[in-house]
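Just below sit the structures, each encoded as structure tokens.
What follows is chain A paired twice: with chain B in the first complex and chain C in the second.
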Partner chain A sequence: MVRWILSQKFLAYLEALVAQNLAYRGELLFFVLAQSLPLLFLALWVEGGPRPDADYARYYFFAWLAGFFRPTGVAYNLGYEINTGRLSPLLLRPFSPVLDHLADQLALLLVYLPLAMPVAALFPALFPGFLGGLSVARLPGYALYLALGFCFHFALGWLFGALAFFLERSEGLLEAYYGLLYFFGGMTLPLDALPPGLVRWLGWTPLPYLVYHPAALAAGWERQAGYGVLAGWTLLTGALAALAWRRGLARYSAMGA
Partner chain B sequence: MRGYLLVLLRSMTAVAAGWAEYRLDFAAALLTALVEAAGRVVAVLALVRAGVLDLAPAEGFVYLGVATVVSGFFASVVGPNLVAFSQRLLEGSLEFVLLKPKHPVFLLLVQTASPWGIPDLLAGAVLLAWGLSALGVGAGALGLGALALVLAVAVAYLFAFLLALVGFYSVHVHNLVNLVAGLFGAGQYPIRAYAAPVRAVLTFVLPVYLAVNLPAELFLGRAAAGGVLGLLTVLGGLWLLADRLFALALRSYASASG
Partner chain C sequence: MEYAVVAEELRKTYWVAEKEPGLFGTLRHFVRRRYRRIEAVRGVSFALRPGEIVGFLGPNGAGKTTTLKMLTGLLYPSGGRAEVLGYRPQDRRPAFLRQITLVMGNKAQLLWDLPVLDTLRINAAVYEIPEAEYQKRVRRFASMLGIEGVLTQPVRKLSLGERMKAELMAALLHHPRVLFLDEPTLGLDVNAQAAVRDFVRQYARAEGATVLLTSHYMADIEALAERVIVIHEGRLLFDGGLKGLVERFAPYKEVRLDLEAPLAPGDLAPFGEVVELRGQSARLLVEKPRLTAVVARLLAEFPVRDLAVEEPPLEEVIGRVFREGRVA
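What follows is the complex of A and B.
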């Protein structure tokens, strides 16, 4: 599988999927804008928060950027394929459908990032001290968080998608997860604004390592690293996803087959 | 008018019958609403404590309650209808609506509904009741606020419909609806707490102040009763605009052949 990923075939496949996703760039632009909604909270903090404006701008910039590395759309796509029986032709091919979805989500990321550029350009334009406080030395740690977060969300999306083998619909669970991430992951509020007892408890969940810690690290607010917790959750979610996939395939009967 | 009420009633009963299909989905929506309500309460308390919001916690709950009700209405009514509308444009099945003897905009606005927003509507009502009872708000302000809330929800709906007319020229409007719903969510805090440019956009470009903040301020007795008249005027204006723009956009509609 690893060799296949590195092979030319995967690249050709990726190229095709980039083109396919580009066809809906108007739609994706709305997604980028909807993704930027938590920035409304930035407008609250710069008006009344205790830190300098540029500090908040850097935090919310990195929290916002992390949002594009969440390939949970795989849950909808996989669930749809299972419900409609479109999974069947994919199973006939000599490689796993995981690779289809991985290529699709990577392609989506490649289309999103250029679309997000205009929003990104607003930060240095609106906040004069924005660029001055950035440090290249902190970026590898941030990138590691993003990579782990991508893997975690892909596994989570696969797990929720594979639940469609057993339940008629499973999208609702993803919504509940996003509700948690939105308020308790750091998307809307930096977690240091929440009660310390709650934050300590949240430290055992994957939530703060997906938004708050990466953004706080890149913004220079803190140096703490929690890669281990996130890696553990990723492995656990991946194992559950693989289990749900195997069990599900065994009972999958496509369209009444 | 009686005909329109009858259509509304029939549409609602048909939709409710369809809900019984996906009970698990509803349980998940309930879970989501609980998680989000808890998150919103924690967030508003944190913002009050940090001094970002110049409010008493109970007042914060009133703002939050109104916004949660509006968000539930978006999930239950606005979203499903606008998505169904765009689906009709995509498939070229708008004729089924145009051929009926009632106003097409009205029919498009009441064609479906989803139970997804009910948990949010309940959570919003609880937050609102909590805040209002803690503050001891009188009956007059309660009536005025409730009336304003109904009008405000209609204003938000018509405004979102105007934006959904983009569907005549572009393919999907699903993300657009999400975006508008999210922007109305900004009204969960008083608009005056935002930085000036955002405040201007939420007041003058999008009717977020009108549709979310104003009912809360009428509940709290912070806005004059004339605000209700203002809402009524805006609602009438939006309806006229929706009627005209729909007719205009219809010229670009080429049915299934387009």
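What follows is the complex of A and C.
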């Protein structure tokens, strides 16, 4: 399987998936708009926050960009496939449907990121001083957070999706998770606006390392690294997802297909 | 390998939640779920030799599709043993999955909004088919199915027949050795049915593939299969040659009558089972031992313009088997 992923054929597969995703032009636009929540909060904090506007602009820009690396859509897709039996054709392929979804999410990333570029280009124009506080040296750390965040969210989506084998509707779990991420992940507000005791406690969860820490790091607000905590959560979530998937397949009814 | 497909005492049991209609039923269902055990397949056994084409018959809910899903590894059997090409299907090993295919007439694997060629290209990548070989197979299959002109159209724009042909192309692109076909001609017009049948026959012959085919159209079974397996309510009713099925379950012949004058209902009842009576035409089933005597009496007692004796249509034989639920 690893050989297949590294092969030219995987690129051909990815190319076909990109073509598939590009077929839904309207949906692409809506997805990019749906990622704009941090930008709305940027407008609020610029009005009333204690930091300079450019600081908030940098923070919310990187928080916004991190949103594209959250492939939790796999939970909806898998849940739908399991409930309707549409998983069946994927199970007949000579590799796991999970890899199929991983390839699909990578293909989506390749489609979404170029669409985000015009919006990104507006930041330096709208916020003088935006570029001034940027440092290329911080970008590898930010990229590592994004890569780990992508893996964590994929594992989480896989876990929630696999729970559809046991629950009739598992999407509600994802909604609840997003509620926590919005408030405790740093999407609606930088975490330094929360009580320090709560922030310390949150440090043991993956939430602050998915938005706040990467964005704060890239924005130049020095923060301690939390890669280890996030990697640990990713491994744990991945292991739980693999277990739920294996047990779930034995219960799969293939109804509707 | 002696057998390509083996099912041995194969069983599948489901638990299904039951709910009474109405608000009260909904509330009760919310508080306390009630489940019913459904035995979809109850100890079915058969074996298919490499290259065999076998019809798999049974009424709706007989357990055909469930059996196919167990043989392809989609479902874990509740009991018994399944083996396909030496593999345990539910292990879903890549080497096994590369050699089989399942086509379901009522479900699509094609990407709805993209041209057929895009799905084919994905399948080529999935099954690691070299580019030249891929191009060759696409040309060959498209020509056999007569759909060269529609491969660049979005799937949603295709007719049902074109879509089914494209489904077959996608399902066979990797040259599987075992084909599980579940109602591949469902809803197709006569021409499209014939084209699908011809394609399956040619493919199976050329590749030496083993085919297990379910269909409600007896023409499919008659055209493709020499052997049939009949199941009913999850149990095996019959496994043998088509001819044997007719002999075993239809110990009668069909007599077609064309008369000079219309008959009254009941006139033919003493001669056999009247299947159809339309003015001056009638069809009746007559037990084989009585056939000669009945034909002689019909000719003597009625103004017969034409009389023909034939084997009863397979649909009728099968229908009779299912109604009577006779066990092999």
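What we mean here is this: the second predicted complex is superposed on the first by the 254 of 257 C-alpha atoms of A that agree within 3 Å, B and C clash if a C-alpha of one lies under 4 Å from a C-alpha of the other, contacts with A are read in each partner's own complex, and residues count from 1 in each chain.
The criterion applied here is as follows: a contact is a pair of C-beta atoms (placed from the backbone, for glycine too) under 8 Å apart; a residue touches a chain by one contact, two chains touch by 3 or more.
It should be emphasised that the depicted structure is a prediction, and the values quoted were computed from it without experimental measurement.
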Room on chain A for both chain B and chain C (clash or fit): fit
Chain B versus chain C as contact partner of A:L235, first or second or both or neither: neither
Chain B versus chain C as contact partner of A:Y24, first or second or both or neither: both
Contacts of A:Y252 with chain B and chain C, given as first, second, both or neither: second
Broader residue contact with chain A after superposition on the shared chain, chain B or chain C: B
Which superposed partner A:A147 touches (first chain B, second chain C, both, neither): neither
After the two structures are overlaid on chain A, angle v-u-w for chain B, chain A, chain C in degrees (C-alpha centres, nearest 10): 90
First (chain B), second (chain C), both or neither touched by A:G172: first
Contacts of A:Y13 with chain B and chain C, given as first, second, both or neither: second
Gap in Å between nearest CA atoms once chain C and chain B share a frame through chain A: 6
Overlap of chain C and chain B interfaces on chain A (superposed complexes): 24
Touching residues on chain B, where the partner in the complex is chain A: 22, 24-25, 27-29, 31-32, 35-36, 38-40, 42-43, 46-47, 49-54, 170-172, 174-176, 178-179, 182-183, 185-186, 189, 193-195, 197-198
Complex interface listing, chain A residues touching chain C: 1, 4, 7, 9-10, 12-13, 16-17, 19-20, 23-24, 85-86, 88-89, 91-95, 249-250, 252-254, 257
Chain A-touching residues of chain C, taken from the complex the two chains share: 14, 69, 72-76, 90, 92, 94-95, 97-98, 100-102, 104, 107, 109, 111, 113-114, 118, 121-122, 124-128
For the chain A and chain B complex, residues of the former touching the latter: 24, 26-28, 30-31, 33-34, 37, 40, 43-50, 167-169, 171-173, 175-176, 179-180, 182-184, 188-189, 193-195, 198
